[in-house]
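Each chain carries a letter (A, B, C, D, E and F) given by its place in the written order, and its residues are counted from 1.
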Amino acid sequence: MGGRVVQNIERADTDVVRRLGEAGVATVHEAQGRTGLMASTMRPIQQDLGIAGSAVTISAPPGDNWMIHVAIEQLQEGDVMVLGPTAPCDMGYFGDLLATSAMARGCRALVIDAGVRDTRDLRAMGFAVWSTAISAQGTVKETVGSVNVPIVCAGALVNPGDVIVADDDGVCVIPRTRAEAVMATVQKRLDAEGAKRERLASGELGLDIYEMRERLAGKGLTYE
Amino acid sequence: MGGRVVQNIERADTDVVRRLGEAGVATVHEAQGRTGLMASTMRPIQQDLGIAGSAVTISAPPGDNWMIHVAIEQLQEGDVMVLGPTAPCDMGYFGDLLATSAMARGCRALVIDAGVRDTRDLRAMGFAVWSTAISAQGTVKETVGSVNVPIVCAGALVNPGDVIVADDDGVCVIPRTRAEAVMATVQKRLDAEGAKRERLASGELGLDIYEMRERLAGKGLTYE
Amino acid sequence: MGGRVVQNIERADTDVVRRLGEAGVATVHEAQGRTGLMASTMRPIQQDLGIAGSAVTISAPPGDNWMIHVAIEQLQEGDVMVLGPTAPCDMGYFGDLLATSAMARGCRALVIDAGVRDTRDLRAMGFAVWSTAISAQGTVKETVGSVNVPIVCAGALVNPGDVIVADDDGVCVIPRTRAEAVMATVQKRLDAEGAKRERLASGELGLDIYEMRERLAGKGLTYE
Amino acid sequence: MGGRVVQNIERADTDVVRRLGEAGVATVHEAQGRTGLMASTMRPIQQDLGIAGSAVTISAPPGDNWMIHVAIEQLQEGDVMVLGPTAPCDMGYFGDLLATSAMARGCRALVIDAGVRDTRDLRAMGFAVWSTAISAQGTVKETVGSVNVPIVCAGALVNPGDVIVADDDGVCVIPRTRAEAVMATVQKRLDAEGAKRERLASGELGLDIYEMRERLAGKGLTYE
Amino acid sequence: MGGRVVQNIERADTDVVRRLGEAGVATVHEAQGRTGLMASTMRPIQQDLGIAGSAVTISAPPGDNWMIHVAIEQLQEGDVMVLGPTAPCDMGYFGDLLATSAMARGCRALVIDAGVRDTRDLRAMGFAVWSTAISAQGTVKETVGSVNVPIVCAGALVNPGDVIVADDDGVCVIPRTRAEAVMATVQKRLDAEGAKRERLASGELGLDIYEMRERLAGKGLTYE
Amino acid sequence: MGGRVVQNIERADTDVVRRLGEAGVATVHEAQGRTGLMASTMRPIQQDLGIAGSAVTISAPPGDNWMIHVAIEQLQEGDVMVLGPTAPCDMGYFGDLLATSAMARGCRALVIDAGVRDTRDLRAMGFAVWSTAISAQGTVKETVGSVNVPIVCAGALVNPGDVIVADDDGVCVIPRTRAEAVMATVQKRLDAEGAKRERLASGELGLDIYEMRERLAGKGLTYE
């Protein structure tokens, strides 16, 4: 029962990817109808960093990191490796040696629904990681999985080439074919937010800006 | 089934609030008989920061942040918003726009038994947050709740105007009417601690300072 | 039913301890056959710090920190206190006063399967801590336990004098009598890693360095 | 810093209590505006049993069950003991001996945000329990707490004399003074449900009974 | 941003579905290469029951059960409703009224990565449920989602018409197009197991039946 | 780096084992000074069953159940297999085939800090299990571990031949060499409990039986 490696995947436009990354997870997630967010157990090992890139997906058995070596050969500049184990696992699939190799291929980050190790080194190297665990526990290389097939990672479906946006708030997946449309919606939100932020900063109330008072009274809110 | 907004609440003396904040959560909690501590799932999004303020309480439905807009109008300089959802929820009720608005009204911090988002921005803005989750998942504005009513937040009862002390160790609630008395006890502990710290730093043992040896032997402790 | 304090314990060679610490948890754990790792719930309160030392063990009742005072008298330069409660407990056993006392005796760190408090102060003092909780909740001094007896801490057996290595990846226990042998294996791994890191950094693939291609094909991996 | 025992508390009408119990947690919680529900970590140790009674509240230190003895003297026929520890604790506060004593005083059930033990015996005795843990770990009797004061239990505020309704879905608290009004609302829901159940059982759709089709289309739902 | 309802989905052969159900989750999961298993947080509300059916999928917002009404119209005899919320949620989406309606349409079970309520009634009605929570907390009907689109449920990808096998060990998803092939593999395993069970029951050892002794010795296992 | 199998282990007196089992976990744990209790995450897959036996210990890699086959050869009538993985793992190590084999060798139960599967079959066969997870996820047979060496299981140290007592309250380990002494203490507790239960059942209060009133008043408890 062998695995598969899909070698030629399509990726989203690099400019769209960059702009989605600048907008950040909360805005992008909102803009695409509140879908694609990974579980909040997916946490960064570094602080105050946001990235975006194209997903190279990895389906790996629990406790077996062999397919990461296979995936690294498929990486292009600006890619993000996304690993979903075929069963829950918090072992440390990834450390500084694999990061060295991935960075040499242009990889921007790892998103993994499992553990990583050498976290201090990874931060020092500037290799970004979002994971659901930190663990020194090593893995084996005994069973094949697949690369660039659809996977589930921390509750989100990821297809190869999808856009991954990740920051301190978590990780969001934007389907490749929708990336441009989502970015258009994102831009509208960003434009609107600027003006609102200014008014709120001056002390004006959301109650007035968003004209909420009447609707609140209609729902029965009373003041004492 | 409408909600209520109580508009004129009493607050504790600002000097007492400040001094409770300087003492920190561990000392204050100890001084008031080990009561009022929120669950240890309540964690700061920033590090090495301690605050204290008067509670403006928010009772909100799960996944609905409408009442935060209502609460912001009730804020005074030095207040801390405290939100307890009526059912467990880890969605992101609060982000940088609401923080902008709250800061414009003098709000010092948010304590929320739910999620927040835009955490990088919140740290950059200097708006302090303690929450039980970080999540980009947005909320709706459909159902009213109440402001400045008694709430339960992360296992602690909070009445409007109670003093909230929060730092890296967690969050503690001091009933408004007991604030001064608790601060008096806190001061005694602080005075006593200084002398003890010096003796301990010089290598003297707690076993001797606190005269524990006899009591330990009486309980059957033996040395080999 | 009194407790026991074992006063003269053997420790590993200080140079071996230092070198194990420099190698770090992931490497050491791997080198000793993937044993001795504490659960991944054991987390540091500081970032980017690694330590190693000899274990002074503490078996304490839940919610009772009396034995820490007893243990401090047994500390020598370079020791690490390791506390396992006799039942699960997340209360704050340890704060800045005890740290002051422990540091005065040469103690390097605390590893505790329970909570600590005053974490900001502990970081400021440079006292390293790995714990399974942070909580301001204080403990009592009513029941005796034991010092320097075998304990279980976060799932790992710790004998007094064992070597403790701790960093951002977690905490690993190396039996005292095996420390030198483990360090020899560690050294071999470190020597091998240097060369590999260089080849990987230059873009060479693990698939080629480790000669994996044939074995992967044998397991049925196919490329599309 | 002594505790308090409030001896004469008011209770709700026994018939109202009984009827609330028959309605069950889901219906009662819905009827009182979705408030008062304890966290879903509060689970029964028996299956397919529902009860209701008047709360005798216990505020107890973590790992100390002394106040249960004090509370038992305050019990009346039909009461439910509700214990909230002043800090999180999963130790076994309660077993078959205390249950024997409580049953002799007419107590109907225990609701405890902590652990219980002797669960097999408790089931055999017919003493109902909802708890957040099962643990054989015993507690001490060293520190006083309070009986019949307001407490927080599993996230819900409980005042002495409040009505407790508990079944397989969890535990709900109905403020004593609102019990009758809530029961009136409950009755309306029950009356309405009977008719609906019959229509649904016959195959009629909720889409039609609740006239949802137009509103769904208005929100943009499309059929393919 | 409206949702979609796909009305005509293909289902697997009913006889294959039935046989997969009889084989049970552990065997089926093993036979399809250890894929498709939902997280172990997915637990049954009843004991000692196994089922199988065709998935009618529901993508629903957190805390909003409106789409269950929409999905019920799409049910056929032998279907299993599978609901994945677009964000984590433990509220009670489903109770006895909806079960009455679903059963009237031939529905066999509900699999939901969220909460259910009225669990005692559901057991009494014989409606099978696997859920990740039990909670009396009700949901609203404000936002549309989709029915019979691909969803992620408890970490597993589910397409409409996929075969769902569920029992005390959890829930497994078998892609509709692979159902027959998986069943063939399952049958081979079942045939082989019968003979092995007999030999093991007679006291023969797995070490001998599976000829493990030599391989164990080769890996360095020693007897003392 | 091979594993070890220790073949001739000592066991406690069978009569003492039986009597410890009849006393149950809560009583035995209390009697041996509140030590040896496994974490409360260790739960039975059956209800209302208590057992006791001699530990055959298994140290196994995460996700690898090979050593269970090796351990079964070492089983004697009345033994309990106790498995602690060398890293946290919730995969299903054990199912009905292994249970068939273990029962044929006289094994009474399995205690495992990991997952099991085929739980319905195991209950039907009358093979008792305490585990920290239920999962259909299978394991591999690639790496050797050890049998009858000291292990840590769910936080408790277990030496081969130790007495295991398990029931609905959890699992407790009694060191083999202390079994008889612990049983003597247990017997005293049981004798004392009988009389107390009778007095409590007649309505007499613990406050009076244990003469607590004076001590409570001395600690400051007041009645209102």
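Criterion: contacts are C-beta pairs under 8 Å (C-beta built on N, C-alpha and C of every residue); 3 or more make two chains touch, one makes a residue touch a chain.
Remember, predicted model here, so these are calculated numbers, not experimental data.
**Student:** Using the touch definition from the top, list the chains contacting both chain A and chain F.
**Tutor:** Neighbours common to chain A and chain F are C, E.
**Student:** Touching both chain A and chain E, which chains are there?
**Tutor:** Both chain A and chain E are touched by B, F, going by the contact rule given at the top.
**Student:** With contacts counted as defined, which of the two, B-C or B-E, has more C-beta pairs across the interface?
**Tutor:** B-C
**Student:** Can you give the whole-Å distance between the Cα centres of chain A and chain D?
**Tutor:** Chain centroid spacing, chain A to chain D, equals 41 Å.
**Student:** Using mean C-alpha positions as chain centres, tell me how far chain E is from chain F in Å, no decimals.
**Tutor:** 31
**Student:** When the C-alpha atoms of chain C and chain D are each averaged to a single point, how far apart are the two points in Å?
**Tutor:** 43
**Student:** For chain C, what residues touch not just one other chain but two or more?
**Tutor:** As it turns out, chain C has residues touching two or more other chains at 1, 34, 37, 40, 87-88, 90, 135, 137, 143.
**Student:** So, with touch as defined above, which chain pairs make the list?
**Tutor:** A-B, A-C, A-E, A-F, B-C, B-D, B-E, C-D, C-F, D-E, D-F, E-F
**Student:** Spell out the residues on chain B that touch chain C in their complex, using ranges where they run on.
**Tutor:** Touch residues, chain B against chain C: 24-26, 29-30, 34, 37, 40, 43, 47-48, 50, 167-170, 172, 193, 196-197, 200-203, 205-207, 210, 212, 216, 219-224.
**Student:** Inside the complex, what are the residues of chain C that reach chain F?
**Tutor:** Where chain C meets chain F, its residues are 1, 33-35, 37, 39-40, 61, 86-88, 150, 152, 155-157.
**Student:** Would you tell me which residues of chain B are touching chain A in their complex?
**Tutor:** Chain B residues touching chain A: 1-7, 66, 69-70, 72-73, 90, 92, 95-98, 100-101, 103-105, 115, 117-120, 123-124, 133-138, 141, 143-144.
**Student:** Can you tell me which positions in chain D touch chain C when the two form their complex?
**Tutor:** 62-63, 87-91, 135, 137, 140, 142-143
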